[in-house]
Each structure stands twice: as structure tokens, then as C-alpha cells.
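As C-alpha cells, here come the structures.
One chain, chain A, links the two complexes that follow: it is found with chain B in the first and with chain C in the second.
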Partner chain A sequence: MMINSAEVLFYILGLMTLIAGVGVVAMQNPIYSALCLVMTMIGISGLFFTLEAYFVAGVQLIVYAGAVTVLFVMVVMLFDLRKEVSSALGGGINTAAKAVGVGIILGLILSAISLSKLGTSTMPLKGLGASSIKEVAVQLFTKYIFGFEIISVLLLLVVVGAVGLARSRGGTHA
Partner chain B sequence: MLEVGINHYLILSAALFCIGLVGVLLRKNALVILMCIELMLNGVNLSFVAFGYYYSNLNGFIIVFFVMTVAACEAAVGLALAVAILKRFKEINIKNFELLKG
Partner chain C sequence: MGRDTFEITVNVVKMLVVFLMMVQMVPILVWLERRGSAFIQHRFGPNRVGPLGLTQLLADAVKFICKEEFLPQKAVALLYYGAPVVALVPAALALASIPFSTPVEVSPFEMLGQAWGPYTFYIQGFHMNVGIIYILGVSSLGAYSLLMAGWGSSNKYSLMGALRASAQMISYELALGLAIVAVVLLYGTFDLAEMVSAQKGPLTFHMFSREYVVSVLPNWGIFFQPLGFVLFFTSVFAESNRLPFDLAESEGELVAGFHTEYGGFKMLLFFMGEYGHMMVSSSLLAIFYFGGHHIPFLTEASVHDWALSLAGQETTVASIITSLVFLASFLVKVALFLWFFIWVRWTLPRFRYDHLMDLGWKTMLPWSIFNIILTAVILFLAQGLVL
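Our next item is the complex of A and B:
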């Protein structure tokens, strides 16, 4: 049987992403969770490359695997978090009920995917290719210009708010 | 079945979302809960990009850009709150977030 290289790439990246995702939840030490999160982000970035979303893949690597993870690792390293390892998981019937709920949600989503008529075509309708970056930029600065500007205001707001919260002593309002 | 279509990406996306959901519900450490929220958002982003690719629609790519920005903002504010709680209670258990008033 012929096996396409794109399929091999998808299965390798998907397996890596899933294993690292389970690692984020299962690791007891928060620093290992953060490192598993980096692996997940890199895997998802690779999956974006296989979907020819080159701009989104690059942004994913820079923003998530770079900036957000550095934030998490810095907070983990600033404080000694080893002594609260014992409180990592709750126990008893509460946990079982939550797991069953998540299982029901997963079953619903998977049955919705399998019942829909999406799987009939395995090839994209029309390849976007490398020109997608230019098209994304054009759309972003014409059709979505309002959302783009609102995002910049949001970023400024978050910078001020985060500094204000982090500077407070003790309580959450200084 | 071996041929990769949109269904494969959607199933992977659903699996990532549910792994993140399990983490948000079961873990007590607020930092790990924030990481799991990032995991859920990335699962949704994957389905957006898969739809955008298989239906040749650029809106899927652009909405992912916005989701990433908002997720980064959410992580920054969440971590600032976690640091404030950590200074106050000397631990980062999620039960300390019940009352945010200092």
C-alpha cells in the first residue's frame, strides 16, 4: 500500500501532540507541565504547516511556544511550588463524575463528526498554497480592520492591568 | 481510513479539547489550569484551520489569529492574578480563588 508522506507527518505530529497534551494534565510538577505544553504547541504548529497555514504556524511558534510559555515558566520559577504537589488531584466520586461528563462530551463531538457529511472529500476544494499569506494580510487590513484595532486596544489594556495586578501587595487590589 | 481528511483533524482537535477539559476540571493547581485552558483553545484553533484549508476559506485562518491574541491576553491576566494570590496565601491552590476581594 502506498503511504503518502503527508499522512506519515500527520500521524507522527498528531501522536506527539496527544502524548504531550496528556503530559500537561498528568505531570505532578508544574514545570514539566509547562515543558509538555511547549511540545504540544510545536506539534500543533507542525499540523498548521501540513494544512498550508504558514502564517498561522509561524505565529503559533512565536506567540505560544515562545512568549506564553516563557510567562508560565517564569511564574513557576519565581515561586517554590514543590510543596503543594500533594493537592494535585481531587479524589472520590467527584472525580469520577467529572471524568464521565468529559467522556460524554467527547462521545457527542465524535458522533457529530462521524454523522456529518464532511468526510466525503479528503482533498481540499482548492489549494491555497503560499499565496495565502498575502491574502490573509489583505483581508486582515481591509475586512477585519476594526477587529484588528480593537485587539490592539485590548493588548494595551492587558499590559496596564497585568502590571497593576502584579504590583499589588497581598490582595488583588492595591 | 488511512487517507488523512478533515475528519482526522477534527477528531484530533476534539481529543485535545477534551484533554484540556479534564485538566481544567481535575487539577487543583491554578497554573496547570491556565495551561489546560491554552490546550483547549489550541484544539479549537486546529479545527478552525482544518475547516479553512479543506473549504478554501481564509476566514478560518484570520479568526485563529484573533483567538491567539485573546488567549495570550488571558494568560497574562491569569498569571498576574495567580501571582497576586500566591503572594497572599503562599500557595496556588484553586480554592483560594473563591474570594478574589483582597
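Our next item is the complex of A and C:
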């Protein structure tokens, strides 16, 4: 059977993303979890590339791999979390909670897959150069404007919360 | 990669050449940096080994390879060894998508009893329609190498240096990205090669539906984006962790920052990453603001005609000569910016950390947002501004 290079790339990237994704959950040390998360982000970005959604792939890399996860890694590195994490992960109730959590998420994923139409033909994000980026912007600012704007409110809320927490405990040096 | 064996071979060779060029530039830049620092600060640089101390670098390279291989007792081996390799990756990937010169047109020819061609080879590792986004994406991964090095060495100085460096990179990436947004608005494309070709000819702009041509100036981005240039130029210094923003390795406070525990070849890999970052930044400066490979008052067609007369009407040879001429022009611009990096490093003192953050968040970020708004308004007023 002939498989073309795009398929090979897809399987390699998919495998990388999945292994790294499992690593995020399975790693005992939070640093390795965070670094696995970076690998997952890079893998997802590569998958967008294979789908020819170059702009989304690049933005995925810039925003998630390049900025958000860097902050995760920085914060995790600042604190020595090993004891806290191992104490939080043990115990019978925890194991039961883990099993229930995995079940719920698996159910959600399976139902999402079975409910969604696979192989949709309209992909506004696909394409080369500036025209596809314009298309993304048009979609974002017309069809999805409510979600887009509400997310900014959510982010504002998070910022206010973070500042409030930091100040109530006597600053970041407490 | 290509349609047939010849094209694939050339493309693979091209990628290797781009990577080797980055690696080979490092010793030259190190020599330039040491001689330059000596020249600027009234000292002696390497001047004993070989003419002008040039072979000192060869000796250094041998020293780097022969140094003792050393792993700190408490270090995490995977991260400690991985970090220098990761440091090299972003710069190498980003440099591969920089358009260096005009494409080479190869007319059909015969080789090994077979007909080949015609081909068009871009003088670029690979051609990308979203070049800028790709470069920003891969170079934003640079922070991980510092964090891995800092944490993996299990040294407080290393960790502090790494945290400072990555915080600084994230902060200045915002101003950098917004300066690039203004550039994208101006040229209306994400393709670096298209940006370069938009800057040919004399300075031309449209204002209130009339066209103005200033024939004494080239049509370069710097005349449309002076503020953007200043912002971009300042940010790339911070991005590549060089003085006056090299808080990551301020010797007085942090021994050597994230690479305190590194020596020998691993240290050299960090250097290669830093110089690679400088090369990418200089290339981007040339492409965004200084016309890429274009030479003022010369067009591609006129150089091609001259090359044709030189090569005796051989179009392939003429195309190669044209490409080489413009490659030289591009490399001169890049070399000037690289020298500027070195010049600034040995001239300005280091910022204090809070001053650095204030500059990034309270000065650069507002100004770059202002720059975007200004560019957008002017472009809107001058509708039909065709660069």
C-alpha cells in the first residue's frame, strides 16, 4: 500500500501529540508535565500545518507554546511542588475520583465524536496567505463575535482575581 | 520538496547550506565581537594567533571540543543536555525561511542523457506564504531552552537567570509582535518575499488620491514605519538577550545566569543560538525596513541585463549572477545590523531589572499600539496606498 508523505507526517505528529498528552497527565513531576504540554501544543500546531491551516498553526505556536505554557513552566519552576503533588495524588478517595473523572471525560469525548459530523467540507481556516487570514477575521468578528468578546471579559475577570489574591496575601513576596 | 531528483537534491543542499551558514557565521562574529570590543574599549583583542588573530577561533573551537565533559551532581541529565540542543533549533528553523535574494531561473538543460528543467529556485531554505507568523512561532520557542537550562542545572543562579530571561522575552515579544503587525498592515501580506518585492524602485506613496514619487530615496519601509523600526530594533535586543538587556547573565548578580553550569561545547551551542537569533533579527530588519535584497537606484531587470551581457546571453548564468549580486547586497545590510548589535553591546551599560520591565510594558507596548493605530488611520485616509 502506498501512503503519501502527508499521511506519514500526520501519523508521526498525531502519535507525538497523543504520547505527550498522556505524559501531561501521567508524569509525577509537574515540570515534566508542563514540558509535555509544550510538546502537545507543538504537535497540535503541526497537525494544523498538515491541514493547510497555516495561520492557525502559527498562532497556536505563538500563543500557546510560546507564551501561555512558558508562564506555566516558569511558575512551576519557581515552586518546589514535588511533595505537595505526591501527597495530593495518593489515597483511596483520590483513586476513586480519578476513575470517575476519566470516565466522565471519556464519555464526553465519545459522545462529542458520535454527535459531530465528520469530514465537513467547509473549512474557512484553510488556505494560504493573507486571504485566509481575512476570512478568519471576518468569521471571528461577525459569526463568533459574542464568544470572542465574552472571552475578553473572562480574561479581565482573571486578571482582577489574580491582582486581588496577590494583594490580599501581602504581595507576591508573602 | 520538488518534482524530480535534481530539484530535490538542490533543495536539500540549500537547507544544509543555510544551516551551515548560520553555524559558520558564529566564529566570525565571535572574532568580530572580541576585536570590536577591544577596539571600542581600548584593549587588545585576540591578535597573536595568525593574521589579525583570526586563527584564534580555530584554537578556541578545538578547546571547546576537548574540554572536560561535566554534569553537575544534582542536575537533571535530560534537561541539562537537552537545553543547548533546543537553543539551536529556533534560530536554525527561522533562518531557513528568510528570502536572501532573487530567485534563480534555470532554463532546460541536458545531463546524464536526460532532459531537465526548467526550474525556479528560491534563494531561501523554503518558501512560505505565512513567513512572519512561522518565524514568530518558532522563535517564541527559544524561551524553553533557557528554562530547561536554568532548572536542569539545579543551581539557584541558573534558575534566576532563566526566569529573568524568559520573562523578558515574553514581555518584549508583545512590542515586537505589534511592531510587526504595523508592517503587515503596510504591505498587506505575510509573505517575506512579497514584502521585499513591494519595496523596489524609488519612494512612492499615494495621498489624497494623488501619487507622489521621491526619486532620490528608495522605496524602503523605514520611511513609512520610522517608529515601528525603533520599536522593533529595541525589542530584538531584548529578545536575543544582549546588552543593554542581558539581565539574564548579569555577572555581578547571577555569576553567568542560565549557563553558569555549562562549559565546553554545550556552552558554544548556546552562543550559536544567540548569534543565530541575531542573524534572524538582522535579516528581518533588512526585509521589513531596508528593502531586503534591493539596491537603491538599481532594478532587478537592469542588473539582469548587465549579467546577460557579461555571460554572453546565457540566461541561467545571468540569473545566477543577478542572484549573487543581490545576495551580496542583502548580506551587506545584515552585516551592518550585526555590527550594530556588537557596537551597542560594548557601548551601553546594562539596565536595572525594574527599569527593563517598565520600558517593556509602560513605554514600548503603548507606543507600538499607537503605531498600529496611526498606521491604520493613515492607510485608511490614503486608501489605495500602493507600495
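What we mean here is this: the second predicted complex is superposed on the first by the 100 of 174 C-alpha atoms of A that agree within 3 Å, B and C clash if a C-alpha of one lies under 4 Å from a C-alpha of the other, contacts with A are read in each partner's own complex, and residues count from 1 in each chain.
Everything below uses one rule, namely that a contact is a pair of C-beta atoms (placed from the backbone, for glycine too) under 8 Å apart; a residue touches a chain by one contact, two chains touch by 3 or more.
What you see is a predicted model, and the numbers here were worked out from it, not measured in a lab.
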(request) Scan A:I113 for contacts with chain B and chain C and give back first, second, both or neither. (result) first
(request) Considering only touches as defined above, state whether A:L18 meets chain B (first), chain C (second), both or neither. (result) first
(request) Answer with first, second, both or neither: which of chain B and chain C does A:A53 touch in the superposed model? (result) first
(message) A:A162 in the overlay: touching chain B, chain C, both, or neither? Say first, second, both or neither.
(response) first
(request) Once the structures are superposed on A, label A:A65 by its partner contacts, choosing first (chain B), second (chain C), both or neither. (result) second
(request) Count the residues of chain A touched by chain B and by chain C, then name the partner with the higher count. (result) B
(message) According to the stated criteria, A:M77 is in contact with first (chain B), second (chain C), both, or neither; which is it?
(response) second
(message) Quick check on the superposed pair: does A:L154 touch chain B, chain C, both, or neither? Answer first, second, both or neither.
(response) first
(message) Which partner chains sit in contact with A:V38 here, chain B, chain C, both or neither? Use first/second/both/neither.
(response) second
(request) Residue by residue on chain A, keep only those touching chain B in one complex and chain C in the other, then list them. (result) 55, 59-60, 67, 71, 78, 128
(request) Quick one: which bits of chain A touch chain B in the complex? Just the residue numbers, please. (result) 1, 3-4, 6-7, 10, 14, 17-18, 21-22, 24-25, 30, 33-34, 37, 40-41, 44, 47-48, 51-53, 55-56, 59-60, 63-64, 67-68, 71-72, 75-76, 78-79, 81, 83-84, 87-90, 95, 98-99, 101-102, 105-106, 109-110, 113-114, 118-119, 121-122, 124-128, 132, 135-136, 139-140, 144, 147, 151, 154-155, 158-159, 161-163, 165-166, 168-173
(request) Under the touch definition given earlier, write down the residues of chain C that touch chain A in their complex. (result) 128-130, 133-134, 136-138, 140-141, 143-144, 147-148, 150-151, 159, 162-163, 166-167, 170, 173, 177, 188-191
(message) Which residues of chain B touch chain A once you look at their complex with the stated criterion?
(response) 2-12, 14-23, 25-29, 31-32, 34-36, 38-39, 42, 45-46, 49-50, 52-56, 58-59, 61-62, 64-66, 68-73, 75-77, 79-88, 91-93, 100-102
(request) Spell out the part of chain A that touches chain C in their complex, as residue ranges. (result) 31, 35, 38, 42, 45, 54-55, 57-62, 65-67, 70-71, 73-74, 77-78, 128-130, 133
